[in-house]
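Next up: some structures, all given as structure tokens.
Two complexes, one shared chain (chain A), two partners (chain B, chain C).
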Partner chain A sequence: MSAALAPVVLALADDELVLGHRHSEWTGFGPHIEEDIAFSSIAQDEIGHATAYYRLVAAHTGDDPDRLALGRAPSEYRHAIVCERPNGDWAYTLTRHWLYDHADSLRLASLAESKHADLAALAAKMRREERYHLLHADAWLERIARGPVEARRRIIDALTIAFDEALGLFEPLPEEGDALAEGILPEPSETLRARFMDEMSARLERLELPRSVQGRAAETAEFIASSSGDLIAGDEAGDGVDRPGAALGGRRGRHGPDFDSLWEVMTATYRADPGASW
Partner chain B sequence: MSATVADVVDALAGVKDPEIPVVSVLDMGMIGDVAVEGEHARVVVLPTFTGCPAIDVIRSDVAEAVARVDGIASVSVELSYEPPWTPDRISPEGRAKLRDFGLAPPSSARPVMIADIGLPSEATCPFCGSTDTRPDSMFGPTPCRALYYCNSCRNPFEQFKPV
Partner chain C sequence: MEIYEVFRRAGHKDPFEHVGAVTAPDPELALLMAKECFFRRAEGEHLWVVRRRDIHSLKDESLLRLPEGKEYRFPHAYRDVITLRKRARERSATPVEAS
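Our next item is the complex of A and B:
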């Protein structure tokens, strides 16, 4: 049994669970009925994918999938920080959905080539389903990017924050070296990150959205290891300003107050009666 | 008397999809493999959608139905994504039953790959048979259903999504 499998799959599961939870917060509050249903359905897909990932981990470690999903301390979760950010306005939610699902699509395409057969099969299956998320996200971004001034401005504001934060999805896990050596991960995160940058830059250009919203952290965040071993974004200016690109650390269990409040809600039922069957 | 694979398959014909109760798990092509060894039966279930909330119900319904087969003392039900479930696994009878239920079967018999992203696939209206339909939303009441509108008979309808 490989020791690197569990951390790799847990990070995937946590991304899907936490973002799925955020999406589910639109249930009953979507700006119109189709979008209410769309986000509820996407949330159900993401949480369903998280369930499948947790089951895969549990099958290898003998753990309980529900405990993995809901019975860990906040610092044990390995999702990227972009997933825990509050929904904000509709424009931010859509923009993050667009960035996340394109990142996830690249990641799944890569994982479908994993030497770990169960992970490869699961990734291939999920990829077929995620196609609908991309259709949804692309249709909205296209519509809004060419839409009224106010909507376009909000998308640009959202991109300014979310684009750099989304790069945190490609922050390498401490176990990445082992996972690569064993073929669990077919490609390093750095390769996927570069692919994401190329693809999304081209998409932004096609949508005539300013390319300046992306790139700063992309150029400066080189995931430097600090003396404590934590990965930090490069702070070239040296002024200690918390730039969007600094939304790293999620893969090592570093999360912010946004996650504390989400975790409280998400795990409340489980914590009330751990091990209950429902 | 010992049970055979055919006995187990017969029992599976009685296990319905909880969200589409007119079709069985066999009609839907959700049974990947059946094996019988002595008094133990092993059934592999292929989920249509990974996030299908009905999957645990289907799993326990399968276990329950197979456990009732004469000569079977224990059952294991496993979920598998290899091979992935695709619409071409639905039997012709299954497709007819979906149509009669008012749910358009997936239009595409072949797997739709991510590279095919473009316009959503066409759907045939389950009420009047017209192909003059338009997609309303790729998201419906369950993860596996999309919403369409028929321009001919002016009915909204749902399609089982090609995946």
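Our next item is the complex of A and C:
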């Protein structure tokens, strides 16, 4: 059995679980009741996908899916830092949802070609389920991008931060070389990141949003190239300043204080009685 | 934002049924919202949304009340029709006495 499978699938699972948890924090607070239900449903989908990934890992390692999801230390999670960022306002939540689901869509399309049959099948199934997420995210972005001045300004501000952070989704895992060699990952993260940049450039153009929101993201790309292996997690400097590369490190288990508080809440019930059956 | 009435059809042989309403800025988002609010458990195969202001209703709904003397529009008005006809025949067969 491949040793690279578990880390690859765990990173996918952690992305979905942590972002699903953040999305779920909107439940009861959505901008209106219909959106509250729709967004909560998207949160449930992400957590459902996380469950499927954890089960896939568990089936190969003999571990317990619940323990994988909720019984690890914060530094053992491999999600991208963008997933743990607090929701902020609706503009940030929405742009992150938009960026994440487009990134996830590219990733799933690629994973559907994985040589690992179970992973490929799972990716193909999730791709169908992600269609609604894309429709939802695109519909909102389109309306807000062309909407009133304040809404448009807030979406641009949010994108300026979130675009940079979202590239952390394409930060390579330490195990990526093995995963590529074994065909678990059909393509390197760098290829997916380039595809994501191109696709989102075209989308920004269609939405008449300034492509400058990608500006800092481009710097991040250079950052990855120039100092691979020495990626800096955002909060290490501790000065609260956003900088290129600030959202990297997640794939190596480096997370910020945002994740500490999320982890406390998310795992509280499990930690209260790890052996309990639900 | 506008109100959209939501109609759902369980299968292609069933009629569309009104299931509720959503608030949305346009038809596309109304469909996306309606899908999540009313199709969470695979309740149907078809979905319509109709902008509420495109639905016309009577200003005076008292027009819908039945005017007096229209009992004959109900089936029960014909329940005893056989007995009544029989009686009528009997009556007509009886010569009317000259007064």
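Heads up, the rule we're going with is that the second predicted complex is superposed on the first by the 253 of 278 C-alpha atoms of A that agree within 3 Å, B and C clash if a C-alpha of one lies under 4 Å from a C-alpha of the other, contacts with A are read in each partner's own complex, and residues count from 1 in each chain.
Going forward, contacts are C-beta pairs under 8 Å (C-beta built on N, C-alpha and C of every residue); 3 or more make two chains touch, one makes a residue touch a chain.
Predicted model, so just to flag it, every value in this text is computed and none were measured.
A.B. asks: After aligning the two structures on chain A, examine chain B and chain C and state clash or fit.
C.D. replies: clash
A.B. asks: Which partner chains sit in contact with A:A121 here, chain B, chain C, both or neither? Use first/second/both/neither.
C.D. replies: first
A.B. asks: Thinking of the overlay built on chain A, is A:H32 touched by chain B (first), by chain C (second), by both, or by neither?
C.D. replies: So A:H32 only meets chain C here.
A.B. asks: Check the contacts made with chain A and report whether chain B or chain C touches more of its residues.
C.D. replies: On the superposition, B touches more of the residues of chain A.
A.B. asks: State whether A:S41 touches chain B only (first), chain C only (second), both chains, or neither.
C.D. replies: After superposing on A, A:S41 lies in contact with both chain B and chain C.
A.B. asks: Kindly classify A:R143 by the partners it touches after superposition: chain B alone (first), chain C alone (second), both, or neither?
C.D. replies: A:R143 contacts chain C only, not chain B.
A.B. asks: Scan A:H49 for contacts with chain B and chain C and give back first, second, both or neither.
C.D. replies: first
A.B. asks: Look at A:T95 in the shared chain and tell me whether it touches chain B only, chain C only, both, or neither; answer first, second, both or neither.
C.D. replies: Neither partner.
A.B. asks: Touching A:Y132, do we find chain B (first), chain C (second), both, or neither?
C.D. replies: both
A.B. asks: After lining up the shared chain so the two structures overlap, which partner does A:S110 touch, if you call chain B first and chain C second: first, second, both or neither?
C.D. replies: neither
A.B. asks: Take the contacts of chain A with chain B and those with chain C, and give the residues found in both.
C.D. replies: On chain A, the residues that contact chain B in one structure and chain C in the other are 34, 37-38, 41, 132, 135-136.
A.B. asks: For the complex, which residues does chain B have touching chain A?
C.D. replies: Residue positions touching the partner: 49-53, 79-82, 84-86, 111-114, 116-117, 120, 136-141, 143, 146-147, 161, 163.
A.B. asks: Using the touch definition from the top, list the residues of chain A that touch chain B in their complex.
C.D. replies: Of all residues in chain A, those touching chain B are 34, 37-38, 40-42, 44-49, 51-52, 55, 105, 109, 117-118, 121-122, 124-132, 134-136, 138.
A.B. asks: Sort out for me which residues of chain A touch chain C in the complex.
C.D. replies: 32-35, 37-38, 41, 132, 135-136, 139-140, 143
A.B. asks: If you look only at chain C, which of its residues touch chain A in the complex?
C.D. replies: Touching chain A: residues 1, 22-26, 28-29, 32-33, 35-37, 40 of chain C.
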